[in-house]
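The same chain A turns up in both complexes below, where it pairs with chain B and then with chain C.
Up next is the complex of A and B:
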């Protein structure tokens, strides 16, 4: 059926699910056809040019059969949630109800696991699921759909404003019997979390997707998030990648925005082995606005490929992209931002900036900010830089009594902090703290400093 | 909104004054391409064996290559068997001996184009190699240049008289395996210019080549090779025109530049091939591979191009910065009107230490024109302290055109500094209003603003070319108010 690579042993969970619901059967079928047409992407494709996925393809992965157990979960599972609000915990792509806490919801609002939604919210799924993403163009989105079984559904009816943020924590593997999380058979785990966020007119929400490790086992997460914002809806979405050295993450975030809606998205990448983020935003209604900020701190042999595409389909939309990165050791960063202004999308305002610091010989950054413009009354610009810390600024700080390490850390922190600026307060403080910690950890292992 | 005003349309309609046909007897091969055609070209040109081997190797490699589809240009499939790969005015079949032997009809052609071939044109002070369809018809000032040791002649003459230089340098910067059109060119190129500046010589005059496609149903494939020895310097100009025809004509050229220690090469192009009519009918398909190699330390190569012609332009003049402290520059103005498509830019490959490059690209789109900047700045792991600055600006005139920017930046050095900036905008109503309010009519105002937009690039051109470029912009642009 699917590509024999990646998955050694396809489970029969899908068969069970789709037997109960014919619509789902067709849905899987479409995904399978879309995936078979494309296969796993190779570096010969322009969009995958800089991503070396071969190591992943050679590995055999399994979807674990066991149901999720909290068991003797590692410490990180209990790490306090930094923000008050709805807290959902997932392990190996499956929801852990006993570790989660969903507060009271306004009338008409739905917040539940995708597994629950597959049995109780079929009307909503039938209407919205798979509508935002094009499976024909995104092989990993097709793969995610093909193995869809759990994740999250958020539905907010018109005018519904969630006061408290929703914080989802995804641990890379199902907690297993060994403390390290390694499987006895040596196979690595793969999971396919799927999130669907639908905000009707004037609705408002904040959602955080955080990816963490709960052991030392090698793993792969192929995630997909679909977001649909109706007129004037507002969403603040954060994706935090904090995985370990052996967990890889291929994430898709596909968004459709109606008139006057506003998306603020922040992507913070601190950990993980091989990481790929596809962020696709369609601005479909006049006056829609999207602000995408990103920050990545890479070291070791980490690889991160950020692929952004924003389509200005109608007039008077605005998009702004600010991505910044710090690369150390032999890390490899890729940024590909594309703003497309379609014919007649007049008065579009599209801005894109990608700035990078390379800290060590051996680190590599490939950046490509693209513009495709088919309308004339536009304001579009993009900029990209790759460089190192300003030696004069370093010298100045040292002349004021800071040691070289602290000076370097301070400047790097300031460099990265710009991307956090638009976040609201408790969240900004927490992200700043994560950044600070990561910088300290990076400094501690550096000998070149 | 944003309709083109009548003035603009008039300007766009002004037409292509170089679009006439010269009636000369030609000696052409029938259409088609196979190994026999290549042998026939070699035979016709009395080329040595190494050329035959190289051409055949290129042809065999070309046969294995797929047609490139990655660029943002769209055109019907080219039937490579429907093109004649050799066409020469009959009277010059054996190569021009002196201007007196050149067909007067051809001389008149160049006169109409304003290219000084005639002896009296010495005053112009520019040495010209004139290429008419597949062959070079005349090269001026050869004698004067030879006294300094400079070799400036057609490629065919170079193959006969300086085979050792040709064999040593040809294909070292653009090997025939480089890309589809470079392979095709290597297999069938018929002429071009060759220039060799010996050690320490500063070329006292501008050298230039003027390319003219005349015959119908032919492709033009020329090859230019410029070598500047240690401490030498040269400034080179290239111009091109073609008659107006309804069918498309193929032009696939290769230019190789080699600069050794402390040498400097400036290469300027004013490309004005027939762009096709207002409905996009006809026009030249221009697929060109241009690359310079800064082989020595402190060498410098600079490309300046003004691209106003061709139905399709596909060209990326590049510099490989291999020598330490070498410098690469790219200055470009590309204008697309009517249904023209341009996919152009540059590649700066930093390999040596302390290398620097500057990219300045100005794209102007009008009518249904599609203009793409595609560039690569690559800093290799040994390119200590490399520095690049790129700026790409696009100007849109009219709401049916497109401007696209695809800069690739690949950096493998922590001490590199690479900066890229791009903007896209249109001529603002305020600017136009201001000019008109000061008594400048709308047409002149657009021309003024566009010339201001391109000024930084025009400034890099030799004076005569700068004037020509400015005039060309006015002709090509007439009527393009946003």
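Up next is the complex of A and C:
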């Protein structure tokens, strides 16, 4: 690698590749070139000007040698899965089969770890891996590819409908760290989970990516998810960020949608230190629909950068974005949403809304919803607000007996709940509970109450 | 004589340094219904907000005692827990908080502050539903956001539903009759009458007499120019309806509600004050 930052003492990837996956050699070369050209992004780049990456670049990270064991982890990490379905647990980027449960699958469907797929599903990977993401434009996607090792493959053939949701839980670090949050050797842990979801025509699935961490450990996750939806395919995808106060997450979610397909995506950010989400959707077939909702609850000195780009390439597609944020203390949020309506994309319907609540003087939000329209017959709108809790509503609740904190919490919950509304139960109920818990925790640490 | 519920003495309230209430005196006994009438901008809503503890309204002079306690030193939620309730003239819409969740949070907060256990969820729901029927409201309104997209009548009915569920001791109803058609007015009045009890008091703030056709007040006061200019029995409301708020010529003897603390202002109120509360 050209950039010595981030990783110290890299293992000999080239040897690993030529030994285990020689068929990936070209793919790897491309990633290497893409990364060498770009390097790690600096704040001088428009798309990265708010992201606080400098602190990350000063760290030395390491990929753990062996997989941790869930049984040794603190009890707080051994939370039960809230939904019945396929459950996959990962730690340090690697699949933990003993902690996972994959139920019976319909004929032709594949659901396995990326490491397994690298040895047993070569044809699928050769055909689909790296096809949705542009490594030349996304340096962290190139980096993820350079360190490709494990993650998840979901492949559903035409007409295959998975009844039960797939819930993936990614722990970065499990073990307790030293008081500095670093490992005994002074390094922090990094992992590069890679997910590939391919839904052929009329296939249907629900997948949850949940990122958790040991609360105190310094860590970095550079994740990449590629999603390909064929004609009429439907996917409900959730990304839940529940990292600790020293865990950072750079997530890429890249989607291609064929005609009549439907993506419903929900991004819930409740924890983490430096968070960056790049969500890119290409609407390539007529009548494709993408609904992107997001909710973030930031406090302390958390930083979250949400970058969305939706390309309407053909006619009659619809995109709707609703992102809402609650920022307290000295948290900093960024929303940068761009909908591009290309010349042939007549009758496009593109909507974007970003609303934010600032709960303290020190919190900051930079929001920039953008439209770039090159067709003439379109319905497009965008809007952003940054405001405070409605004092009349607070008074109303208090006059009915709620104390100030409970009233604030209830109003904040109500503000955020709108983004959960389209989710099906019991997923919605679970997300609502996580939101409620996060608000309780935020209230408990408030000093301005 | 009824036990004392509310005692307001020489109350002055300024908003943006403009005097809105200028020496209000009022005594309300347990079980009594008092109507406070007056023209727009006379300070009726200011009085209602002040009693409920709205942070925008502070007394610059005078005192308010509620069941012997200093009401003005209590926080908004303490007043609620002590049994003070304000039905809002403009009930606030809170999308995302369902009406039933709101009622439950409110009731449990009140019970918690009073050191009482939380209510059983099923008993609570049954009792709320019974009161919804009593108010002739749609049960579906329980599951909508608080007042979200409610019609004017539904919002006012919802205030009275809260009154019936939370069972306060002193209810101040701020223009609960405004914007209601005659059927809605009857339903709302029936709810308010169902709330009445010998140990509960009502202060009805209203611009018109018509609510008083359905809820017979024990006392009627005219708030004008920041003071209570006249007080009387139910007949005063009918007189105001006939003759308007123009004060009768000559000094009217104030109606003594209590032996000594009647509201007296022999010169009549100054005219043309901007209240700024409506």
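Criterion: the second predicted complex is superposed on the first by the 426 of 449 C-alpha atoms of A that agree within 3 Å, B and C clash if a C-alpha of one lies under 4 Å from a C-alpha of the other, contacts with A are read in each partner's own complex, and residues count from 1 in each chain.
The criterion applied here is as follows: contacts are C-beta pairs under 8 Å (C-beta built on N, C-alpha and C of every residue); 3 or more make two chains touch, one makes a residue touch a chain.
Since the structure is predicted, the reported quantities are computational estimates derived from the model, not experimental observations.
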{"item": "Combined model on chain A where chain B meets chain C, clash or fit", "value": "fit"}
{"item": "Partner chain in contact with A:404 - chain B first, chain C second, else both or neither", "value": "second"}
{"item": "Partner chain(s) touched by A:275 [first = chain B, second = chain C, both, neither]", "value": "neither"}
{"item": "Contacts of A:414 with chain B and chain C, given as first, second, both or neither", "value": "second"}
{"item": "Touching partner for A:380 - first (chain B), second (chain C), both, neither", "value": "first"}
{"item": "Which superposed partner A:31 touches (first chain B, second chain C, both, neither)", "value": "neither"}
{"item": "Partner chain(s) touched by A:390 [first = chain B, second = chain C, both, neither]", "value": "second"}
{"item": "Per-residue touch tally on chain A - higher for chain B or for chain C", "value": "B"}
{"item": "Chain C versus chain B - closest C-alpha approach in the superposed model, Å", "value": "17"}
{"item": "Interfacial residue positions of chain B with respect to chain A in the complex", "value": "1-2, 70, 379, 381, 394, 396-426, 482"}
{"item": "Chain B-touching residues of chain A, taken from the complex the two chains share", "value": "46, 343-344, 346, 356, 358-388"}
{"item": "In the complex, chain A residues that touch chain C", "value": "390-393, 395-404, 406, 410-411, 413-418"}
{"item": "Parts of chain C lying in touch with chain A, wherever the complex brings them together", "value": "52-55, 75-77, 79-81, 85-86, 88, 91-92, 94-97, 102, 105-107, 109-110, 113, 145, 162, 166"}
